[in-house]
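Below: a set of structures, written as structure tokens.
Presented sequentially are two complexes of chain A, the first with chain B as partner and the second with chain C.
For the complex of A and B:
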């Protein structure tokens, strides 16, 4: 049964996120005074990429592409989706973070295996950026885990039940801000799209990909977005029923998109300075509040 | 020798404008040496012109600068008229100014919005290209073509303006003036653009004198209003009031700001042109007979005008036959695009290379003609 639920989660993630991606492209197009593609364009892009033949650059290149897709799909299975958990007791924050890293490392391996120097630079930037956003994000989540004494995401969702006043968005406002900034970094939305900057490093890790390999990476990207936005919705917006979850998800993702449409991008060292300046300070304050005052519900309301 | 890595910026790279390649030797993110490689699109314009009739060349020369083709027609027409010693009708001068200023706005819009390419603000280019398209609509109504107009010909302009174009142009200018504050908010006041361009990619005054940079690069670095429209007025620029924006500190942001200010000045010029334009003929013959039999008297002339990137000139030599003896093009982006890339791009970082090319105003075909 668990496997079936896991499979179902993967299908839901694919259908929902790819549809929303098409909608997101429409929104960006509206900001940019264009018409934009049809909502199902991303489906067509992915299917087209998978229907083409592609060139391999060696074993590491192929293996890395499969590893990144497989690792990310595996992560989807462990993320609670509006209370649906495939493997009870394994919906743990650390499980998700570590499995997500498998995807990133697969991407890094594959891109470096392609042999293109632009790809190596892109991977280096992606890993540098990861170091940037993960530190403040982890501090916030560790504060949360410390406060409740559990790292199960379902449990963290349950404590937010009973109205929006219980959401961590309001209980831990600084943490939510840090979480959203880190989310933008994870999604590689502008201003944090430094690792895939087309005009600087020719799209970085993606530069050598085509055909099925590119299709795998596009699919991986969609699953990764599903996990990252889903993590934010679960941790800070209280999860919710299927409809509520999807509405919150769409709101967060489109908000990130609109911010992204009117900003340029940082240089890589600016990204790290940026994350280690304001978000890190905010996350430390938030952690201190959580540690010294319990979860600080009364303080904030 | 440090261990360095060779990277190719172009010809097939999203950060490169046109068919131009720069080989960058980098250590980490820092560029150690660069080697500009023109020749990717060498079509031998200068040589081809020697094998074509004076009139045939008109179809060739707009290709020398793709984003702003009209300057080529103008500078060629001025040269031929100077050699043939003909005076063109008064109205033709004013129509030429109209075309040139519209082209200037179109090009500045593209490069102002185009800063969004290297900095990731893709809303900028999308807006700018949409607004530039309205100018192309006007060009289409005037000349029948959108990009390569071949409208300014030796002896005047090809045909008179169509009816009602003045209203269309003023309508566009009103629209553009309403849009300019939005561009200012989106691009010039954008914190990310400021972060990426302010105090970055400097162009010191010594470099300007050393390389011979003209146009916005020179005006932003030296504070001197060196603009051919002012110092050697062609057409009827001497009867028009406009300012040449300058600055004394040339970073990428200042150069962007100057582009913005120049658009506003061009709008001002076009309004005056529409108001003062006389009626009358628009074309006279530069030589006897049909255009395919033109013979231009022997002699040589250097004609120059102000394009968006600086001084743009043709040195034309005629031996009295029906073809030019030699035409040499002074591309405005030659100094910074070839010599500047080799000497002053090193020391910057990889991510600044595309902004460097963009804000210095490098148009590859001018180098590679």
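For the complex of A and C:
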């Protein structure tokens, strides 16, 4: 039964996120006063990529591509989706963060295995950026975990039940801001899309991928987005029923898109400085408030 | 430089290259025809017409096309204008790095027959001798409307399974494309540092 639920989650993630990706492109186009692609364009792109031939650059390259797709799909199964948990008791924050790292490391391994210098630069930038956004995000979430004494995401969703006044968005506003900025970094949205900069380093880690391999990495990207946005919805917006969850998800994702549609791109050291200035300070303040005063955890309304 | 009458003329359109036979082929061609990623090799004057085609004025993304950064990811290779013999070598490397199925679009009269550079010592005249061109967009330079129209035409050709240049390149590489390339370039030497 757990496996069936897991499979269902993967199918939902694929259909919803790829559809939303189409809308996201449409929204970006509207911001830039274009017409934009059809909403099913991303489906076409992915299936087209799988219908092409592809070549291998060696075992590490193939294995890494499979590892990144598999690791990310496995993570989707563990993330609570509007209260549906495939493996009870394993929906832990740490499980998700560590499984997500399997995907990133597989990507790094595979990209470096292709032997292209742009890929190495892109991977280096991706890992540097990860160091940038993970520290503030982790501090906020650790404050939350310390406050409630549990790291199970279902439990953290549970405490936000009963109306939007209980959401962590309002209980921990500074933390939510930091979480959203870190989310933009995780999604590699516009000011933080340094690792895949197409004009500077020829799309970075993706430089040597073509055909089926590229299709796998595109799928991996969609699943990774589903996890990252889902994590934000669960932790700060209180999950909710299936419809509410999907609406919140779409709102967060499209909001990030609108912000990124009008911004330029940071250099990699600007990304890290940026994350280590305001978001880190805000996250430290938020964690201090939660730990020493209990405001937002024990003391609330 | 090689003159036009040095090239061996053979019938490249022998045999049936149309691949829209089974249901799966048709389905694949629908996907391929609805999503084209292009790699623009901006050598000639034609490059200036591409930014308006790609951005808000004419918005290429509405028909499912987009620019790609590397040859591996791309489906269409755009040759935007004249090609000097020196850049031809790079274009051939680029073309051979692309994943099949791949298509070539020639922009402007320079790729058709040499255009105003027909008697130049440094440029090639007819791109079709060296790479299988699926579609020419005539003009000097074609306007973005003509470019978009050409892409729509290419998409229709792909959906019907008529854009088979990459199969022609496979079938006639030995007896047509390779001798022509060598005749213009001299020896073709590929340096592969990574796998040495």
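To be clear about the criterion, the second predicted complex is superposed on the first by the 295 of 301 C-alpha atoms of A that agree within 3 Å, B and C clash if a C-alpha of one lies under 4 Å from a C-alpha of the other, contacts with A are read in each partner's own complex, and residues count from 1 in each chain.
Criterion: a residue touches a chain if its C-beta (ideal position, glycine included) is under 8 Å from a C-beta of that chain, and two chains touch if they have at least 3 such contacts.
In this text the structure is predicted, and so the values were computed from the model without any measurement.
Peer 1: Classify the contacts of A:121 with the two partner chains as first (chain B alone), second (chain C alone), both, or neither.
Peer 2: After superposing on A, A:121 lies in contact with chain B but is clear of chain C.
Peer 1: Could you tell me if A:51 is touching chain B, chain C, both of them or neither one (first, second, both, neither)?
Peer 2: A:51 sits against chain C, while chain B stays out of touch.
Peer 1: When the two structures are overlaid on chain A, which partner does A:19 contact: first (chain B), second (chain C), both, or neither?
Peer 2: Neither partner.
Peer 1: First (chain B), second (chain C), both or neither: which does A:210 touch?
Peer 2: It touches chain C, and chain B stays clear.
Peer 1: Scan A:191 for contacts with chain B and chain C and give back first, second, both or neither.
Peer 2: In the superposition, A:191 contacts chain B only.
Peer 1: Have a look at where A:150 lands relative to chain B and chain C in the superposition and call it first, second, both or neither.
Peer 2: It touches nothing on chain B or chain C.
Peer 1: Identify the partner contact of A:34: answer first if only chain B is touched, second if only chain C is, both if each is, neither if none is.
Peer 2: Both partners, chain B and chain C.
Peer 1: Give one of first, second, both or neither to describe whether A:263 is in contact with chain B, with chain C, with both, or with none.
Peer 2: Once the two structures are laid over each other on A, A:263 reaches chain B alone.
Peer 1: In the superposed arrangement, what residues of chain A touch both chain B and chain C?
Peer 2: Residues common to the chain A contacts of chain C and of chain B are 32-34, 198-199, 202-203, listed in rising order.
Peer 1: Tell me, which parts of chain B touch chain A in their complex?
Peer 2: 5-7, 13-15, 29, 116-123, 126-127, 130, 186, 190-193, 195-196, 349-351, 353-354
Peer 1: Sort out for me which residues of chain A touch chain B in the complex.
Peer 2: The touching residues are 31-34, 117-118, 121, 190-191, 193-194, 197-203, 261-268, 270.
Peer 1: Across the complex, what residues on chain C touch chain A?
Peer 2: These residues of chain C touch chain A: 28, 31-32, 34-35, 37, 55-56, 59, 61-62, 64, 67-73, 75, 98-101, 194.
Peer 1: In the complex formed with chain C, which residues of chain A make contact?
Peer 2: Touching chain C from chain A are residues 25, 29, 32-38, 41, 44-45, 47-48, 51-55, 115, 198-199, 202-203, 206-211, 214.
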